[in-house]
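Paired with chain B in one complex and with chain C in the other, chain A is shared by the two complexes that follow.
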Partner chain A sequence: MINTIAYGLTIGAILYIISIGLSLTFGTMRIVNFAHGFVYTIGAYLLITSLPMVRDNFFLAAVIAVVAVIPIAYAIERFVIRKLYGVSIDYAIIATYAVVLIGVDSIKWIWGASPIPLSDPIGKYVNIFSVTLPMYRVLIIILALVIFGVLTVFFKKTIVGKIVTASLEDKDAVKSLGINVDKYFSIVFVIGSCLAALGGVLYAPITSVHPYMGMMVLLISFAVVLVGGLGNIKGTFVSAFVLGLIMAITGRYWGPAAETMVFVVMGIVLIFKPVEV
Partner chain B sequence: MEKAGTDLTKRSIWRTLDIPIIIAGFLVILPILGINRTTDFAIFCIFVLAFNILYGFMGRLSFGHMLYLGTGAYAVTLFSEHVSGNPLLAILAALVAGALIGVILGPIIVRTTGACFALINLAFCQVGYFLVLVAFSRYTGGEDGMSAYFSKMPLLNFGNKGIVFGFVLFCLVLAYFFLKKFTASPYGVLIRSIKENETRVKFLGYNTFNYKWITFIISTTVSAFAGALSIINYGYVTPSFIDPSRAVEVIFAALIGGSGSLYGSIIGGVVYMAISNYLASYIPRWEMFLGFALLIVVFRFRTGVWGFMTGLFTRRRDALTR
Partner chain C sequence: MLSVKNIDVAYGHARVLHDISLELEAGSMVFMAGRNGAGKTTFLKSIAGFMKPIAGSISFLGRDISGMAPEKVALMGIRYVFQDKRVFSNLTVRENLELAAYPVKEKTSHAIEKVMSIYPKMDKFLNLRAGSLSGGQRQILLIGRALVGDPKLLLVDEPTEGLAAGTINDILNVLAVMKGKVSMIIVEQNLSVVGMLAEKVYIMREGKIVQTCTSKEEIADKERLEQYL
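Coming up: the complex of A and B.
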């Protein structure tokens, strides 16, 4: 059982890292960003490409992958997302989905469509409560907690974070103070995309890397965002870990139902707490 | 001025003779594409019509409409297997199943708008996909799917492809006619007002929830109808009929044709099917092409092919009157 809980916490940690960017774009721009799933996938693929270059040093390769995502994220923001401000939300969904189609096809073009397996980069085990856990998973959970701490400080203490938090509440009021909200949104978008790529990098050794890996994760992160509340940073944190645990516990008893259970929970939450978008 | 007059009558001819024009259009593409593909196209057009009632007229984008198509497809197969092989009764059962799923899921789904509406549909579609693929695989055949056998009717022998095509075309015209009457009625005006501004409609004293719910039920029922017809055509059901990742097909078709127009839905359905059937064999990177086409549609041609064409006509008419 402890093993299952630990697995759930790992999934929750990765879900949190991925969802935070989604939650921020959703909360600030009211845009459902399907391209987020693509950024997650490309992060994993960039890791695969950069691993041989740095003599299989996972840490360096992960840093390279996350940094390399910045120009891609900026291009998506500049040429697609920025044109969608204030446009009907349906067009935003379709346009970002188009980005996914283009992106996934480019991945198939460059890297091929067959899944690429990756091995556990650390390969060591630790004993916690007399249960042996892979070191890698424990590190992921710790990393998610660190990111949560850093983001909390970022949104509470720095000026960029304060502007973003304020515009989550009331965008027009922030605009009327003479602040160029859109500029800060693009910063937030790039940060969120980098975190999504980091999620892809971290998840790659646990599963295999394939061009469509982003889609399912994206749907689950949407569930996380909706359950946690749009643009609610703490809510996203809690709901990511709760849904991660639900996935792990369901998966223990009935493997294929794990992902479906997340959507059942999301449906129940939405019945009692409809989200106004 | 006279020219403008003839142009106007031309447009009203398009409107009044729409059903013969649709039939003629399908009869024209029949020899070009072959009977199997044309039947397929016509069925897909019914699905696009059902989707467009929700999206184009009521302004609710569903990202999980495959669920309702799949409901019809599985209902017709299971009915023919367990109850009766009569194809018409099986289609009726599929319609009831489609309406039922709309009645059950409607109150949860229609309360939401925008992104939430899209995603909750997707979530339910995912659940349905799981149920068909894993949970009830004993009854649905799981990933392999199952065959449907229909008994022969005196006039409707569905083993004959020509009769299937005629029947499907009749069903398309029926669905078109029904939805045309529906959208032209005061009720249709009301759901279009809900798209524009729901709060104002509420202020006028209408209970918008009921109207949205009924529109949702109509959309699910017609989608199930399309699903049932595809099984009559293929004779085989697989989980791909309910696959959530195929949801984008119908959205794209509705967008190409132009949302909020029934004619547009049919044009969009045919154009999309042509792209996905033929482009894939000529262009190796067709998904990328589709992506760029979607971006162009979203940023340049928001009104779709039909809206663009009518816009062109109107502009020319204005230029002539001036």
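Coming up: the complex of A and C.
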């Protein structure tokens, strides 16, 4: 059982890293961004391309992959997302879904459609409470905690964080102070995309890398965001870990229902706490 | 200072402002009055850059600002104080002022001093979440926040709406302190407030300015003004 919980915490950690960007873009821009799933996938593929360039040093390749996502994320924000501010949410869904389709086909064209397996980059185990766990998974959980701490400080202490916090509440009021909100939305979007790519990079050795890997993760991430609250850093953190644990525990007893259970929980939460978009 | 010439403004196909013109001199305080839906807020939003006129022009200090982005209008020295007491409730009072000071490169301490000069009691609330303030305190914070960076024109939308009589006096005092120092266009339904502070009152009805009151007698004549509300 402890193994299952540890697995759930790993899934929760990755879900948090992916979902936080989605939560911020959803919360600030009110845009349902399906392209987030593509960024997650491209992160994993950029990792695969980078690995031979740095003699299979996983951590260096991971940094390269995340940094390489910045221009891609900026291009998506500049040429797609920015056109969608203030328009109907339907347009955002269609436009960002188009980005996913173009992206997936581009990935198939460049890297092929076959799944690419990756091995555990550390390959060592640690003993916690008499249970042997892969060190890589423990590191992912620690990394999620560090990201949560850094983001909390960023939003509470930096001026950019405060502008984004204020924009989540009242974008027009921020504009009326003379602040170009769109510029800060771009920053948030790129940070969120880098985190999504990091999620793809971290999850690649746990599963295999394939062009559609972002699709299901994206839907689960939306569930995390809706349960945790749009733009709510702490809520997303708690929601990701709770849903990660629910997936792992359900999967232990009834594998096919693991992902379904996430949406059941989301449905129950939405009944009692509807989301205003 | 501000020259609005024959502007028309529409929400989609619905035209809500028709051929509105207004001239504002530096340091003056004018009021806009009229029934709900008369177009007062839309008029302020058009000046502040939140609505783009489909006809006519708005110029400020000799520069055409029609359709300019709100953040650029704000940096030119026009600040819009929204109705509904829209403070950033998740930030502290100090952080609200810090945000106002940031784009105009003013120190937060100066911004705080500015608010204290119009409402010294704010000192006690600086580290509280703005969402925990009363309606009147929120309104004063909003006006104080808009004063950061020494704007030349304030557009204040319904500053006393929904406030108790005692609190309205606080707002009145704040507006009186600012009178003459910064130009103001204030949308207000409370005719007592209008009577005490206005130098000129524009009455709006169905998207048009139907009456302009300039003499003290006209402005103080509540019964006459009331027939337009």
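Observations on the model:
The definition used in the following text is that the second predicted complex is superposed on the first by the 277 of 277 C-alpha atoms of A that agree within 3 Å, B and C clash if a C-alpha of one lies under 4 Å from a C-alpha of the other, contacts with A are read in each partner's own complex, and residues count from 1 in each chain.
The rule is simple: a contact is a pair of C-beta atoms (placed from the backbone, for glycine too) under 8 Å apart; a residue touches a chain by one contact, two chains touch by 3 or more.
The shown structure was predicted, so the numbers you read here are calculated from the model rather than taken from an experiment.
Using the contact criterion defined above for the overlaid structures, shared-chain residue A:I14 touches neither chain B nor chain C, since it reaches no partner.
Of the two partner chains, chain C is the only one that A:K162 touches; chain B does not reach it. In the superposition on chain A, A:V201 makes contact with neither chain B nor chain C.
Legend: residue contacts after superposition of the two complexes on their common chain; A:I93 is shown touching chain B, with no touch to chain C. Of the two partner chains, chain C is the only one that A:D172 touches; chain B does not reach it. In the superposed model, more residues of chain A are touched by B than by the other of chain B and chain C.
Look at A:L270: by the touch rule set out above, it reaches chain B but stays clear of chain C. Shared-chain residue A:W109: touches chain B; no touch with chain C.
Looking at the shared chain after the overlay, A:V181 reaches chain C, while chain B stays out of its contact range. After overlaying the two complexes on the shared chain, residue contacts for A:A257 are found with chain B alone; chain C is out of touch.
Common to the chain B-facing and chain C-facing surfaces of chain A is no residue whatsoever. Interface residues of chain B, counted against chain A in their complex, comprise 55, 59, 61, 63, 108, 111-116, 118-120, 122-124, 126-127, 130, 133-135, 245, 248, 251-252, 255, 285, 287-288, 290-292, 294-295, 297-299, 302. Those residues of chain A that touch chain C in the complex are listed here as 159, 162-163, 165-166, 168-170, 172-181. Chain C contributes residues 48-50, 69-72, 74-75, 79-82, 86, 88-91, 95, 98-100, 102-104, 145-146, 148-149 to its touches with chain A in the complex.
Of all residues in chain A, only 26, 30, 32, 80, 83, 89-91, 93-95, 97-106, 108-109, 212, 215, 219, 222-223, 226, 256-257, 259-260, 263-264, 266-267, 270-271, 274-277 touch chain B in the complex they form.
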